[in-house]
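Below are two complexes that have chain A in common, paired first with chain B and then with chain C.
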Partner chain A sequence: MRSEVIRIYKRVHAWTGIVAGMALFIAFYAGALTIFKEPLARWVAPPHAETAMSLDEAQTLIVRALKARPEMAKDFHLYLKSAEHLPAGIGWQARPAGADEHDSASARHYVATLDATGAVRIEETHPSRLPEFIDTLHRVVGLPVDNDPSRWVMGVVAVLYALALVSGVIVLLPSLVKDFFALRVDRNPKRMWLDAHNVVGIVSLPFHVVMALTAVIFAWHDGIYRVQDTLVHGGRWANAFQRPGGPSRAAPRDPAAMLPPAELLSRVQAFSPTFEAGALQYLQATGPRAAVRVWGHDPGAHSPRALGGFVGLDPYSGKVTSTDFMPGKQDAANATVASFFALHLGTYGGTPVQWMYFLLGLAGAWLFYSGNLLWVETRRRKQAGDDSAPPVQRRDARLMAAATVGVCLGSVCGISLAIAGGKWLHVLTGEANAGIVPLYYAVFFAAVIWAFLRGAARASVHLLWLAAVLAFAIPLTTLLAWLFPSLGLWAHGSAAALGVDATALMGGIGFAWLARVAARRAWHGPRDSVWSALAAKPPRKTNR
Partner chain B sequence: MNGYTAFGLLLAAAGGACVYLASPNQCWRAAPWPAAVNKAARAGGALLLIAGLAALRHVLQAPAACFVFAHWLMLLFVLFPYLGALLCARRNAS
Partner chain C sequence: MSNEKPAAIQRDWLAKTLAGATLGFTLAIGCSGLLDGLLSSMALGARGQLVMWSVAPVWMGVFSGVYFFRSGARAWAWLGAANLLAFGAPWAFRLG
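Up next is the complex of A and B:
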């Protein structure tokens, strides 16, 4: 390939990477944690009163709850397995009119249970917004709200990401085979960063291609659907998804006539013996188009959604109405579409695959961080000889290094503090949800300001130590809850919750190790680098 | 984790390690293997990878088995060079 063409693609790769790199770092770091959204939700959930409920009682509960709150008939869930974040019973959400369908922050949550006398008890619950907030950071690259403008920003970032991938591969093509697996640490730092960057980028390229393409679709799907509806379906697309039923103004149906959940589940079991149900979602339960979605997983198949997949049934007749979203039972077209969701979300293969996605997600974050390091290293001004004074480094390299350290480590610190703060705020103020977002952004912006004030070399050491301390704060919170119950903190003993502590502990050790390495480089490394704390300072401007 | 899944992942890891060790850019060993050993390692690695995929296919549907296999291999091939760099740096330091 002509070297001129390679040079053009190199420039495209560098600039798309630089523009989108820090946003993608946040998306990948938060995305890696979002893989364990459920364990995070379980870790942070305050203890709730244990209310055991058998499946046989569920039908009574549904009928009585619907009588007390007819509005919940629109959409409610019956959870089959209670956990720290899911009380046994039925739950539903109420959203204000006009709220964005992707933004769950405005929703109010309710749970209905049966008390000892068999009477229905309805309570408003306040599930932690922490897992949803981390997911939002992932979905909209560090912006606070998942709304249309944020998703458009995400869409632009995803397009730049795709461009960076394509241009990066083209740049590497001439040496792809020769340099495959190469990570040379005994040469110059630029070569090492380049190898460290290329190994991750090339080896995990299929993972990144899927992430980039699906992210573009996720970001702009509303717009794509609107155009498709207008051009292909003549504005009548919504009708295609409407289930046939009686007139919409018919009298409400008697929910007692619905088949009991145990019967619905046995029909699903007969239909697909390998399907493991987790929840029943009732839609328009008393209406003419009543439907129930039995959500769950098939351990051998890929699932189309983060929560798994579902089989649609008519709750009154028990007839299976849809398998379009049922893992293992989809037709070829739906299974193909579902595979893109599954590949983005890691909803197949169980826990081992979740760990693979977690590590590949962290590797992806490192890919963007190392890309920025490479950009800075390329602009390094080297010392002419051992005796000469180290040159002042370029302003753009100093600013980019500071921005990279501040934004990337700021988001890492902010997320750790938001996790630990999810419990501490609850104890200190009685309500954690309002404080999580300000806590994250306070640390994030403080880190960015600190990085620009102190310079990348010093700030990277400080912020890595802070990241270590804040990661350690997560298992320390659990330890304090066990040692001093009077503090009002809580600690759950499930494997999922303890897994969060163990992972944070490992993360803290990793950040502490990186902080020591960064400190050694800052104080004992070459002085002709933005990463040296002893680097020559730019001359101060004087007023004449 | 299902026994077949664990076995499949283990076979694939062994196969991936053989392929990495047979690469001219491997850093696990101070000196590369002779050409004949490299050839055998590549062939053995390929067989182990196929066996790993077959074990995964035993418990997973074809798409899920391929996805698990591909992601496992991507993760291993990211980790192996980094482990090699660590070993190489230690060798250079000693």
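Up next is the complex of A and C:
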């Protein structure tokens, strides 16, 4: 390959990387945590009254709840396994008209259970918005709401990410064999960072190819569908998923005529013995086209969505109506489309693959952080000799270093505090959801401001210590809940919830170690760098 | 073999980037139309999704490869021709 082409792609890589790098850091850090969205939901969920319900009672509950609240017939779930965040019973959401379909923050949640006398009890619940908020940070690269403008920003970042990925590989190709197994930890720190950046990039290349292509689609699919409807499908796309039969004015059907959930589940069991059901979602239960989706996983197959996949049944006849989304029973075309989702979400291969995605996501975040460090290092002004005074570093390098430290560590600190705050706000104010988003952004912006005020060298040490402390705050909250029950905090003992504590503990130890290394660099490292706390101060601007 | 030095590659950042963004996208749509034709026996629901997903690799592939062109003008000319081919082929087949 001609060296000129390589040079051009070096520029492409540098510019796409520097523009999108910090947004991608947040997307990958929050995305890695989103892999464990359910454990996070379980960790933060306030305790709810234990109501055991046998599957045989479920039909009674459905019929009675529908009588009390006919509007829930549109869409409700029967949860088969209760957990910290899921009551044993049925739940549904009411959304205000006109809300964005991706924005779940505005929905109100209700739960119906049977009490000891067999009467229906309906309550509004307030599930923690924390897991959804971290997911939103991931999906729209650190913006607060998942709406159209946010997705356009995310779409641009996704395209830049794809360009950065390909250009990075093109730049590395000519020297790949020479560089791949080399991690030169010598006196040239730039060489070491570059080697590490290359190794992580190449080793996780398949993961990043998947993420870049799927992210482009997740951002732009609405627009692409619209263009293709006109140019490819001749306007027929909108009708592709409409089931035959127009709206009918028939009287509502009697839900008691539906097959009981136990019977529906045994039909599913007979249809696919390896499918593990988790919930039943009823759609238009009293309408002429009533449907029930039995959601679940198949350990031997990939799932099309984060929550698994589903088989569609007619709840009145028990006939299987759709396997388009059923793990293990999809036809080739649907299984292929589902694989794109599964490859992005890590919904195959069970827990080991989830941990692999978690680590690859964190490695991805590090990749973008190190990319920014390399950009800064390239612009370093070196000391002429040991005797001369260290030169003042370039302004763009100082600002980029501060922005990188502030934005990246600010989001890390903000997420940790939002997690711990999900419990503390509940205890202190009685309601946590309104405070989670302000808590995150308060820490985030404070970190960014701090980084610019104090400079990258000092701020990186402070913010890494803060990241460690806030990560430790998560298991500490659990510990305090056990030691001092009078505080009103709570702690769950499930493996999922304890896994959150253990992971946060490990994260805190990691950040503390990084803080010590960064401090050593700042106070004892070479002074001709933006990472030295003793670097030459830029001359003060004089007011004219 | 000629000993002539190959002409220098012009940077043309803006022209190449715009070609990759716009003509890369329209080429991907055109190719998705060809794929749609190949899969015409498949039900529209699944086919439409597959065809939609096919846009990402083609668009990103073209976009990231566009800086290999000698100049912005060449990028526009080649990608324009590829677009004509992708959109014209099904039309020509229907006539023929």
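Everything below uses one rule, namely that the second predicted complex is superposed on the first by the 529 of 544 C-alpha atoms of A that agree within 3 Å, B and C clash if a C-alpha of one lies under 4 Å from a C-alpha of the other, contacts with A are read in each partner's own complex, and residues count from 1 in each chain.
Keep in mind that, in the parts below, contacts are C-beta pairs under 8 Å (C-beta built on N, C-alpha and C of every residue); 3 or more make two chains touch, one makes a residue touch a chain.
Being a predicted model, the structure only gives us computed values, none of them experimental.
Chemist: Based on the superposition on chain A, does the combination of chain B and chain C result in a clash or a fit?
Modeler: Fit.
Chemist: Tell me which partner A:P149 touches in the superposition: chain B (first), chain C (second), both or neither.
Modeler: Neither partner.
Chemist: Which holds for A:Y357: it touches chain B only (first), chain C only (second), both, or neither?
Modeler: The answer is first: A:Y357 touches chain B but not chain C.
Chemist: Output check: A:V5 vs chain B and chain C. Expected answer is one of first, second, both, neither. What do you get?
Modeler: second
Chemist: A:G118 contacts which: chain B (first), chain C (second), both, neither?
Modeler: A:G118: touches no partner chain.
Chemist: Which partner chains sit in contact with A:F207 here, chain B, chain C, both or neither? Use first/second/both/neither.
Modeler: Once the two structures are laid over each other on A, A:F207 reaches chain B alone.
Chemist: After lining up the shared chain so the two structures overlap, which partner does A:L343 touch, if you call chain B first and chain C second: first, second, both or neither?
Modeler: Touch status of A:L343: first partner only.
Chemist: Of the partners chain B and chain C, which touch A:V185 in the superposed model: first, second, both, neither?
Modeler: So A:V185 only meets chain B here.
Chemist: Calculate the angle at chain A, using C-alpha centres, between the directions toward chain B and chain C; round to the nearest 10 degrees.
Modeler: 80
Chemist: Quick check on the superposed model: minimum Cα to Cα separation from chain B to chain C, whole Å please.
Modeler: 17
Chemist: Output the chain A positions appearing in both contact lists, the one against chain B and the one against chain C.
Modeler: Correct list for chain A: none, the interfaces share no residue.
Chemist: So in the complex, the part of chain B that touches chain A is made up of which residues?
Modeler: Per the stated touch rule, the residues are 1-2, 5, 9, 20, 23, 25-27, 59-61, 63-64, 67-68, 70-72, 74-75, 77-82, 84-85, 88-89, 92.
Chemist: Over in the complex, which chain A residues touch chain B? Could you list them?
Modeler: Listed in rising order, the residues of chain A that touch chain B are 179-183, 185-186, 195-196, 199-200, 203-204, 206-207, 299-302, 328, 335, 339, 342-343, 348-353, 356-357, 359-360, 363.
Chemist: Any idea which chain A residues touch chain C in the complex?
Modeler: 2, 4-5, 8-9, 12, 159, 162-163, 165-167, 212-214, 216-217, 220-221, 224-225, 227-228, 231-233, 236-237, 240-241, 324, 331, 333-334, 336-337, 340
Chemist: Across the complex, what residues on chain C touch chain A?
Modeler: 6, 8-9, 11, 21, 29, 32-33, 36, 39, 42-53, 55-57, 59-61, 63-65, 67-68
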